[in-house]
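Note that chain A is present in both complexes that follow, paired respectively with chain B and with chain C.
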Partner chain A sequence: MNERQSPSDMPWRNGSEPFVRIVDVSRSYGPVVAVNNVSLDIYKGELFCLLGSSGCGKTTLLRMLAGLETVSSGRIEIDGQDMAGISPWDRPTNIMFQSYALFPHMNVERNIAYGLYRDGLPRSEVTDRVADMIKLVQLSGMERRKPDQLSGGQRQRVALARSLIKRPKLLLLDEPLAALDKKLREETQFELVNIQEKLGVTFVVVTHDQEEAMTLATRIGVMRNGVIEQIAEPREIYEYPLNRFVADFIGSVNMFEGVVSETDPDRTLIRCEDADMTINVSHGVSCSPNQRLWFALRPEKPEISRHRPENADNVVEGVVEEIAYRGNLSIFRVRLKTGKQIDLTRTNQERSAEEPITWDDPVFVSWDAASGVVLTS
Partner chain B sequence: MKRIPLLSIMALIGFIFLYAPILSLVVYSFNESRLVTVWSGFSTKWYGELLRDPQILGAAWISLKVAVASATISLVLGTMASLALVRYGRFRFRELFSGMTTAPLVMPDVITGISLLLLFVTMEALFGWPAGRGLLTIIIAHTTFCMAYVAVVVETRLINVDRSVEEAAADLGAKPLRIFFDVTLPSIAPALVSGWLLAFTLSLDDLVIASFVAGPGSTTLPMLIFSKVRLGVSPDVNALATILIGLVAIGIAISAFVMTRNGRSSETDA
Partner chain C sequence: MGRSRLRFLGRRVRRGADVMTTAVGSFFMKHRRLLVIAVPMVWLLIFFLAPFLVVFKISFSEAAMARPPYLPLTSWEDGRLLITLNLGNYQFLLEDPLYLLSLISSVQIAAVSTIFALLIGYPMAWFIARSPSRRRNILLMLVILPFWTSFLLRVYAWIGILRSTGVINNTLLALGIIDEPLVMLQTNFAVYIGIVYTYLPFMILPLYANLSRLDPALLEAAADLGAKPATTFLTVILPMSLPGIIAGSMLVFIPAIGEFVIPALLGGPDTLMIGKILWTEFFNNRDWPVASAVAMVLLAIIVLPLVRFRRARG
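Then we have the complex of A and B:
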């Protein structure tokens, strides 16, 4: 998770002027609405992630920022300037495509230099800036190669260099790491953050990979069916999702469906039939009496033990049905008497525990009243 | 993989059927005898004879001019048509336009020839252009059917050009015309080369359409050969035909080579 900024450089918290303003933007293709009335502010120096599964409209939104897609209704402002009617070649943005879209007949150097020559810069300046950029993205020695002589990771860096070379006010990245294998992707994530911090450019990244969004982003916008479901910092999105979709999309979660039986400002009781228990929550919930709602519990929150824990806010009995060993952690799937399953994770801190919990053991699952989230939708 | 002998025999028969007549023509072009069907020894004298025949040289020159001009014009027009078909997206009558572009491919030459002749005559009567039949009318006529071939060849390539590469150029500050010359044109260049060569050979080959729209003093090579043969096959015609076959074969070979190489490189792009 990303903890690199202090509250003072979180402009979305202190009421600064946003750098990019997306106001009630929609885009429809005939009867299909790809982006539906989206409003979003992005601040200077941010690395904003648009997160969603394929077809949720995130790429369309990105392309509208670049001017490659027209806006059906609404308004986009970048640095105080209305972008309506401004062609892609006149916008202060650059985009990095998912396919990289390198010019196949040009070598690395010419690919990167292309944008500068279009601006009519003198050759000597272009050469200097391209050389600096090649150093920055660590492509020295590759200058004369054509795209088809490069590996996937190298192509990705050429595409990044090409989109950075014009020092855009806003850099748009469409699934920048999707084509890389896992190991390279993790390395590149950190490289991308480093470059972003070094250059101070505002980034908007589109991704379907929630881990990637968590690692990269200052804030995340979760999209579904053309609508933004929640905009928040990674930690907040994970710990306090607004609804079941977001809770489920980001990480894994145990969902309990129930009815409020009692609520006051610092305590709520939820009667949950499918686990045959009453869940204690340490805060009030604004809802009507007997309203149906959901309690979301992340798998790393609950404890698992052989003996009934004392003073636990919530305890439920079950049997270990499945254990998945993942090296750094193990995932336990516990089946309750009602048949409901709870997944929980344990970090494997000790090499060998005295008496490890194993398959078919009767166990108690317990959690603190403050460790889950109540969702009303 | 084990080859089935029967299949190779069938292929052999097919090739013999296709190429035996051409082969005999090539062989007899090196015949010394004046009698076409009697072999009397190897000689290249009929090729020398050709070079001394002003009528043949004149016709060859006309054919070459027509082929270059109509290939070039149909390259421009055909490319424009395929750009409109591929890039304009779904405009009204797109299917109709697409069908109409490729219709000349299957139109019988005789019909194309007659209709063009009628058109030229009517146009001359109405506004005096084109004045008479000649080089110009043959070029126009050849352009009409060559253009269809160019359009098909270029369209196939254009469909496979990655749209986002053009968008990347736009994003980096290139305006549409610039994008076309910097990105689109290099991507479709192999198709343009093979389209031009195809048009060139088609024009060089054509007898029927040219016969309809040609006028006095604009006899093309195939027309000359045809008229000569009607008076009896002479050995110099064999030599001429051999040269023509050579030219066409080279044209098609280069065009095929360019297309396959291009196909391979676009595979590695993906």
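Then we have the complex of A and C:
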């Protein structure tokens, strides 16, 4: 998604006016703080993902945007309008519930038309718009069915159609694909993006599935314990996580704990005891001397070889302990002399290698000085 | 060919083993459903169908100064079995307007009471269904609690409340709001109060059962799509709770239509209810055949719409 636009098109980079402003918003239930002082700007036409594990406050934040949950403190603005005191039925938002919440006593057509009739639109216009929407979500022929006569995927489409039909300024989706099986989920992800681009509606999607967030989002907000840990584009979140939590939550990562032994603007050395090595990093780190920090290395970055590579910035010796064959790639788990394990992945480009690296082989793991991230928290 | 024969043999061997080890058990397993149903079936047969048939029979006989106070339907004369069906009892019900009037009045009183029970019971059921689960059980308990006291006692308590020297009149007189006591006892008003009060739990419980199953997300979805609370009620809650409304209304309407004790104790001489007429025919006039005919007509009035309703739904 982010690669289809040139950088200056991205409103969060060129100083555009945000479409949704969430300013210092908190929500507490008695002593429990579900959302803690969150500030967030969302721009027009964005597909913003709130990502986090269950109970992190992402759904509460979404429900506050819809007006289904009151804001304990702070302010929410949508399209320049303060949402304080505005009831859900008067808000320019629509929400798609995780359970879909389709009206079981109404057929597909009437479920989708529900919002339009509430606006007092004439029957002929409602019929036309519902017919268009049914075509868009590919539910033709299902108009007269009740929700319990539909499959999970069809119900998901009805829910989407029902929340889109009023052309909301902001569409909120709570785990929109969670109830679908893997194959259908992948197909639907792309459909969702297509629909979003076709209609130009701003989407806010809540999900716990990091792959889903990466596929869908223009930007991702990673939440934990009611706090947003990082807001960034998918690539940035993956390659430049701000802290250990984000690095660990998005994808998998090898974490090295160490102490800075030397740092200048284009080089840092980290003494890492648990791997018994000094890690070369190609940039400076602003930190106090002898500060404890972490070096995060994604499993696809390092190389694995039988012979000690020349000119490598970082090399460490180990033994292949585990190989997991995944078809498109293989995961190697290498145990270092210190007992620390490093996971790394290789794409299986060739159908059969001459002399494949196998279990218990002594190997060298090496990586470039620019391929990891230094984290201070 | 050979394969299917082998399979057949295998099955026979297995079945044989079954029969040997659990001959008695398999009988129970096979007829388990029947056994479970049998007990209530026999119960209904003895205590519902048999008395019904007896009453049905009496409704076709002729009243007599005898014991029991009616003539048998069959007689034996010159070697011939004579069956006399006396339709006069039913004819009599049509001829004397009292019966039709009291029937209409009963339906009306039951219907009005049902509506009031619904209007009072629905918000109560909604409130209980939306309460936190800890409080729900307590509230349900409070709804059922009156059943632990004798029904008669509770109706007598209403006499104490409604009569001219009762709680309400005394309070209003003492406050100077009225100069003369209001006549509430021995009016249809008192009958409505008695019926609504007595049968309210029967309205609340099925409504509660229905409303507590209503997914709150549906209400949020309606609000989100632009429905104000009143619209949400009319378009989502009401249609979805229709089965509960119908069940509750039946449970109030059916017993209310044949109610005898409440109109006898709280109603006045003008209160016409078919239950009271039935009582009078049976005990005062000792006209069992006419009383039975009244009972049959009442049953038909209640059962026929029920059957039609079931057919319309299913």
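The working rule: the second predicted complex is superposed on the first by the 375 of 377 C-alpha atoms of A that agree within 3 Å, B and C clash if a C-alpha of one lies under 4 Å from a C-alpha of the other, contacts with A are read in each partner's own complex, and residues count from 1 in each chain.
Operating definition for what follows: a contact is a pair of C-beta atoms (placed from the backbone, for glycine too) under 8 Å apart; a residue touches a chain by one contact, two chains touch by 3 or more.
Small disclaimer: the values here were computed from a predicted structure and weren't measured.
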Next item on the list: After lining both complexes up on chain A, report clash or fit for chain B versus chain C.
Entry: clash
Note to self: On the A-aligned overlay, A:His307 touches which partner chain: chain B = first, chain C = second, or both, or neither?
What the structure shows: neither
Item checked: Partner chain in contact with A:Asp148 - chain B first, chain C second, else both or neither -> first
Next item on the list: Answer with first, second, both or neither: which of chain B and chain C does A:Tyr114 touch in the superposed model?
Entry: both
Next item on the list: Could you say whether A:His105 touches chain B, chain C, both of them, or neither, answering first, second, both or neither?
Entry: both
Note to self: Identify the residues of chain A that lie in both the chain B contact region and the chain C contact region.
What the structure shows: 66-68, 87-89, 91, 93-95, 97, 99, 101-105, 114-115, 118-119, 162-163, 166
Note to self: For a test of understanding, state which residues of chain A touch chain B in their complex under the given definition.
What the structure shows: 66-68, 87-89, 91, 93-95, 97, 99, 101-105, 114-115, 118-119, 147-148, 162-163, 166
Notebook entry, point to check: chain C touches which residues of chain A in the complex?
Noted result: 66-68, 87-89, 91, 93-95, 97, 99, 101-105, 114-115, 118-119, 162-163, 166
Next item on the list: Spell out the part of chain B that touches chain A in their complex, as residue ranges.
Entry: 162, 164-165, 167-175, 178, 182-183, 186-187, 265, 268-269
Next item on the list: Can you check the complex and tell me which residues of chain C touch chain A?
Entry: 215, 217-218, 220-228, 231, 235-236, 239-240
